[in-house]
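By written order: A, B, C and D. Residues from 1 in each chain.
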Amino acid sequence: MEFKQEWYEGAREAQQRAYAPYSQFKVGAYLITKDGKAYYGANIENAAYPSTICAERSALVAAMSDGYRPGDFKCITITVDADKPSSPCGTCRQVLKELCDDDMPVYLTHQTDQRMETTVNDLLPLGFSGKDLE
Amino acid sequence: MEFKQEWYEGAREAQQRAYAPYSQFKVGAYLITKDGKAYYGANIENAAYPSTICAERSALVAAMSDGYRPGDFKCITITVDADKPSSPCGTCRQVLKELCDDDMPVYLTHQTDQRMETTVNDLLPLGFSGKDLE
Amino acid sequence: MEFKQEWYEGAREAQQRAYAPYSQFKVGAYLITKDGKAYYGANIENAAYPSTICAERSALVAAMSDGYRPGDFKCITITVDADKPSSPCGTCRQVLKELCDDDMPVYLTHQTDQRMETTVNDLLPLGFSGKDLE
Amino acid sequence: MEFKQEWYEGAREAQQRAYAPYSQFKVGAYLITKDGKAYYGANIENAAYPSTICAERSALVAAMSDGYRPGDFKCITITVDADKPSSPCGTCRQVLKELCDDDMPVYLTHQTDQRMETTVNDLLPLGFSGKDLE
């Protein structure tokens, strides 16, 4: 899949909406559905740190609450203000695993035109899933 | 504040979007902003149970990722399929505390016209907040 | 129940073990079982803030992993370095609700001899529990 | 490192202590410190699914609350009742990343003498860490 510059811009826009008064580390995510809709996600922190929700998950639950279902997603782009890209935390990888195709592209970006591309499966090898509960 | 029937209907609509293959317990939330916009929230479960995100938080992070800020919210209505209302889990109360006014109404509904009304502060007395970190 | 000074000292000891490189906010918990055993709990933070585990929950899961069961707990004492006590976050309240008697005392302490006493039920009114899932 | 049968037995013992009334999926973990102490960990579920804490994290926070520090751990063994091993969820991988050496062995076992060996780093490639926050 060819990366589109507008996905990067969407993630940068999402990042502006981060609520990060505790870490000052703002993250933005831009999720594209297979039928062409886009969802913004920003990290929403909490004084009780464990209650924080990351940008990737914010975008995914917004889309799911709008009616999208697992497998409906085309790609996600993540961005941070740093001199290199950051990757999703373990919890976000687990949620990507549950809701997205294993080979769905995950684009990691930051302040420059540098970009890393990975996939859901590469981020969570041997991933725990519903099959393990059967 | 007078409760509006459309808030109940919004929560019921949100509940249809729940992704709850593990508990079969579908929850819907309908969040109203002070400037009149509405956000749907549904519980989005995960095979790894701790990675589940509840309906209340789904609605709140969707709104925040759209640019709303703490204090911008007017009320939230929650619904479940049960013979009595359920109340938010502790984590959702913590997120409500961070993002909503202490006296914001929280309406707990279920399958009938019965309804309980509470507030953010009543749900999290002596609530932990950013002031505790100073 | 009469508060014992050793519970305060246990919580202070636990607090020394906190791993809080991100917030610098160290919390200690000291959990007493009904048969007289004590468990230390400290907050264990994570660069990914949502993966942090608080002091109260650290103590509870340590005891449960040692074989204690819900209802086996007598009281918990929590302490912080501040000029007033802090109370448990919403997630910890939810875990206290699941594992402890509703009227179990929760003692909130800090650097002085001041102390607040509350209970599991008072911290999570209208608490969500397994009964809601039935 | 040569795997020791007693690590498997420790994990099986830990699994007996799981509190899993919601999923019925019991997990055990057995954590060994570099100085030779062992910690049991079991999954401790909650009616509010997101408040569940997994076996791996139970063991790690118990050890940390006892005074161990990041890097003090030698290996962890995990077990489940299934016809194949399960791997840690994303959140547990994130906590392993924070607290353990990147090359620390993680042994995945189940009901038979089959066993998989992996490492912290293999479970969380491109892992998010404190360096990302700097």
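Rule of thumb we're sticking to: a contact is a pair of C-beta atoms (placed from the backbone, for glycine too) under 8 Å apart; a residue touches a chain by one contact, two chains touch by 3 or more.
Because the structure is predicted, anything quoted here is derived from the model rather than measured.
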{"item": "Interface with more contacting C-beta pairs, comparing A-D to A-B", "value": "A-B"}
{"item": "Intercentroid distance (Cα basis), chain D paired with chain B, Å", "value": "33"}
{"item": "For chain A paired with chain B, centre-to-centre distance based on mean C-alpha positions, whole Å", "value": "22"}
{"item": "Multi-partner residues of chain D (at least 2 other chains)", "value": "22-23, 45, 48, 50-51, 53, 89-91, 94-95, 128, 132-133"}
{"item": "Graph class of chain-chain contacts, one of line, ring, star, complete, other", "value": "complete"}
{"item": "Of chain C, residues touching chain A in the complex", "value": "22-23, 45, 47-54, 89-91"}
{"item": "Residue numbers on chain B that touch chain C, as the complex places them", "value": "23, 25, 80, 82, 86-95, 97, 108, 116, 118, 122-128, 132-133"}
{"item": "List of chain B residues in touch with chain A within their complex", "value": "14, 17, 19, 21-22, 39-42, 44-48, 50-51, 53, 55, 57-62, 64-67, 69-70, 91, 94-95, 98-99, 128-133"}
